[in-house]
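There are structures below to look over.
Shared between the two complexes below is chain A, which pairs with chain B and chain C, respectively.
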Partner chain A sequence: MTDTDKTALVQVAGFPLALDRMYEGRTHMWVARVGTGDPSIARIGLDSVGVETNGTLAQLSLPEVGEQLTVGRPFGQLEAAKFVGPLVSPVSGTVVARNEAAAADPGLTERDPYGDGWLIEVALTDFGAWLDGLTGEPDEIVAWFEAEISDYRMKGVIAQ
Partner chain B sequence: MPDVLRVIDFGRVTPLRSQTCWHAVAYGVSAGAPPTLSFARPSDPYVCLGYHRDLSEVDLGYCAARGLPVYRRMVGGGPVYCDEGQLFFQICLPAALVPASRVEALRVLLRPAVEAFRAAGVRAELDADGEIVCGEAKICGHGAGQIEDAVVVCGNLIESFDHTRATRVLALDGDEQRSQTLDLMRRYVMATPADAGTFKSAMAAAYARALGCAAQPGRLTRSERTTMAGLDARFSSQRWLAGPGTPARPAARQVKVRAGVWTFAASHGRSAVVASVVGGRVERAHLRAPGLNGRAAAAARALSGRALPEVAGVLAGFGAPGAELAAAFATADGRRIA
Partner chain C sequence: MTAEPIVPARARTALPLLTQAEQRISPEWVRISMASAIALRMKSGRFTRDFEFGGINLLLNYDEGCLSDCGYCGLARTRPGAYEDKSFIRVEWPLVRIGDLVDRMGAHEASLTRLCISMVTHGHAYRDTCDITRRIAARVDTPLSILVAPPTLNRERLETFKALGVDMIGIGVDAVTEELFRSIRTDVPAGGLKWEKYWEVVDDSREIFGPWKVNVHTLVGLGETDEDLISIFTRLRDRQIFSYLFCFNPEPDSRMAGHPKSPLTRWRRIQLAKQLIETEGYTLDQFDFDAGGGLTHLSASRAAVEAVVDQGVAFMTNGCPGEKGEPGCTRPYGSYRPAEDFRDFPFLPQAADLERIRAQMRLDEVLR
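Entry: the complex of A and B
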């Protein structure tokens, strides 16, 4: 992982993808190191396909600083297309920052999902174990992302 | 594939129970109860607010004076007026059986309802915006959400609809916005007085078919009844009614009537606008800008039929007052009204 402020994006089947971070496949959440500081602090956000398949984001509810997160459990709510659903945490830890700009304008997450549209920052509980279940190798990330887009296109969820 | 679709008809229930009964079902399904289709008809009118919406969108003074309770639901959408002319339905499934994409999930879960409307004699369609419509008018108000590990999609068979009251319960900017909203409401929200019994039977058959299982009448479990009692208390509390915190709130006062159809009221400096937007174009605008010196009506006519991105260009022809009005227009964002 590298600094999220210097994100380099590649285009995969028409969707931007950042290869400098890790991904949780089912939820399309990404996890990235914040700057060059404390390696146990991670930033979390939604990838571009996660954004696309939610529909227009109307509302975001994010947790308060200090709240405890558990991997696989909800840490907030997202409303799109009149559907309120959980944002599921890809890691365990404690919330150390929330993106107030994205909470005030969820469109920011649509416009810049890998940059200014991040959601929260977390102090990881177990730095050694948190990579479990995440995809981090660039080749694997691209292959997974392509397969997801292909699947969604076959189902008509996203346009060809 | 599930073994059975549980069908619970709660019948005519209090406004509070018309909400808490199906929320209790969602917690039950999350805990292992079978997929469930439920129906409820409120005994009295009330107002129901989507999970994220700001309480200030409801005219609480009017509601209190008329004895209309206000409840916050756990699914999405805006503030809506509910009464016994509406038969509400909810389909609730374990989240694992529902597509992860919200757009896809809504389509999959609303399609059987469209079949049921048709079976009950209503020429319903699921449009490109994911609304159940008949022609251009919405005939079913829907909302959806994930409650723990269950997904629930709600909707209604609108047998009769009080457009005036549905508009009156909203906190709007004034008479002009109320008038424009009521006009759009009358054109784009339509009652389809089908036979409720036929509709319910068709719903059970359509959802059972979609799930590949048999529909079976059922009732709440003991655990779900306990949950419902707890939800009664939660939904009646001021804390719950206040909402989850700091939702995104646009500067303009906006009301969505159906997808792509909305009104807004906004101001900038000493200028103000109230407008109706249909399909991304200004249908009608009421402008107030002291510097226009009698040209407000001409500016409003010039805006009629224009796409929102063209508005600033049109108003540029009206000098500084036009620029102020353009700034007011810029605060409206219909894409983000759930």
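Entry: the complex of A and C
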């Protein structure tokens, strides 16, 4: 899968959410399998709330093709107007592509986080294990996403 | 739980949409700093480190922009691009309706520490600053400063500001010597700002607003020497006027876009020197300089200087205080990117920060 399935896009408490992929809850990273080849390739990006809560993006630092990623470890950096933080990998594997367009214009990730604003593609180390820690059931994703938005609103991170 | 199909679109902001016919100029419209917009929840976002933030900065907005043309400023008249698209101090300043802004101030008043209106050089700036000041003062009690545009003012107008409830005045001299001021702000394509006028407004403000109610902005890194800075700190201190330090940050496309920032070692030493002068009573003759005006030696006891470093206040943002004297205007990431080292801290530096500051400052080289 390389394009966002528009029919899988829903709105939750004012934010778009794609239900055709999996999510890592703490980091707001999404993971979507690309094609059916071997090794398995996963495309990775930030969901709309992950983008919004950082503020206006200024810079995305992405890894080079060939770099090894470990689940739970930083693979890059996001810098916004008043915030800087790591991009944390939801999977282990080897980087096979980076989104040069998003690196050049982080606004692309703001405008289309589930589509053209993807970050990197990774050849997964262990396809059997890559689902661990990710949420994939639509009902669970929506419930988690809604709770996150509520929490961020409470903290005053989302504009009102 | 709400889940309904939509087209992919994302509303980043709660700011109202505009019609083309609407003129978005002051006093009905103002720009606010991105940190202010986040604090008032007009924009989404957060700060890298958690700290209380309540210093709201407003900037007047006109179609013609600022009519000055300072070489280092993002708003300079001859800087390329439409005024709408210009940044001021590194990042976008969102444009908001004054009515909405005042409503937000009212809703968040408990967390606000200091408000500041920044004028620009424009024929309507004084009139509109008065109008905005009235609207704010009618709604909230948070202390209010004005960063003035001296070409638009005289003594009577400063007195009016005070009568309207303004308690502190800032003057952006920025370039700390007359020669530097002329080269960057006067003798430039659309320049003409007068060094004498700036100091006339400093003098009048000091008389009208009183001791420690006036601040002069001093920008570090425009080409001045350490001696120039330390000298002006002592002169202002002797008159009970604050020096507020700002770190030059090159604005893209400005005439000084290629001018380097001040090295961190120099910046830290200047921060320390200002604190020693302003709060510890140090005098100019306690600082030695080389032929080029660079600081070479500080005549002071190591223990006394170390104690000031340990307090950490020297490295915090210089800004007008809150109602109870606490830091009021802290401008997080105002002159550096979040990915860079803090230039000035919007909170009291912690132990790890102080360790880093010490390494950057290399105090041994000037204390000996």
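Side notes on the structure shown:
Keep in mind that, in the parts below, the second predicted complex is superposed on the first by the 146 of 160 C-alpha atoms of A that agree within 3 Å, B and C clash if a C-alpha of one lies under 4 Å from a C-alpha of the other, contacts with A are read in each partner's own complex, and residues count from 1 in each chain.
Quick note on the criterion: contacts are C-beta pairs under 8 Å (C-beta built on N, C-alpha and C of every residue); 3 or more make two chains touch, one makes a residue touch a chain.
All values derive from a computational prediction rather than experimental measurement.
With both complexes brought onto chain A, simultaneous placement of chain B and chain C is prevented by a clash. Counted by residues of chain A touched, the larger count belongs to C, out of chain B and chain C. After overlaying the two complexes on the shared chain, residue contacts for A:83 are found with chain B and with chain C alike. In the superposed pair of complexes, A:105 makes contact with chain B only, with no contact to chain C.
When both complexes are overlaid on chain A, the residue A:10 reaches chain C alone and has no touch with chain B. Residue contacts after overlaying the shared chain place A:157 against chain B and chain C alike.
Looking at the shared chain after the overlay, A:59 reaches both chain B and chain C.
Of the two partner chains placed by the overlay, only chain C lies in contact with A:146; chain B stays clear of it. Across the options 7-15, 79-87 or 97-105, chain C meets chain B in a clash only at 79-87, per the superposition defined above.
Comparing the two interfaces of chain A, the one with chain B and the one with chain C have residues 53-56, 58-59, 77, 79-85, 157 in common. Residues of chain A touching chain C in their complex: 4, 6-7, 9-17, 48, 51-56, 58-59, 77, 79-85, 110-115, 142-143, 146, 156-160.
Listing the residues of chain B that touch chain A in their complex gives 50-52, 74-77, 99-106, 130, 142-146, 151, 244-248, 333, 335-338. Every residue of chain A that touches chain B in the complex is listed here, in rising order: 26-27, 53-61, 77, 79-86, 103-107, 152, 155, 157.
Within the complex formed with chain A, the residues of chain C that make contact are 1-14, 34-35, 38, 41-48, 91-92, 332-333, 337-339.
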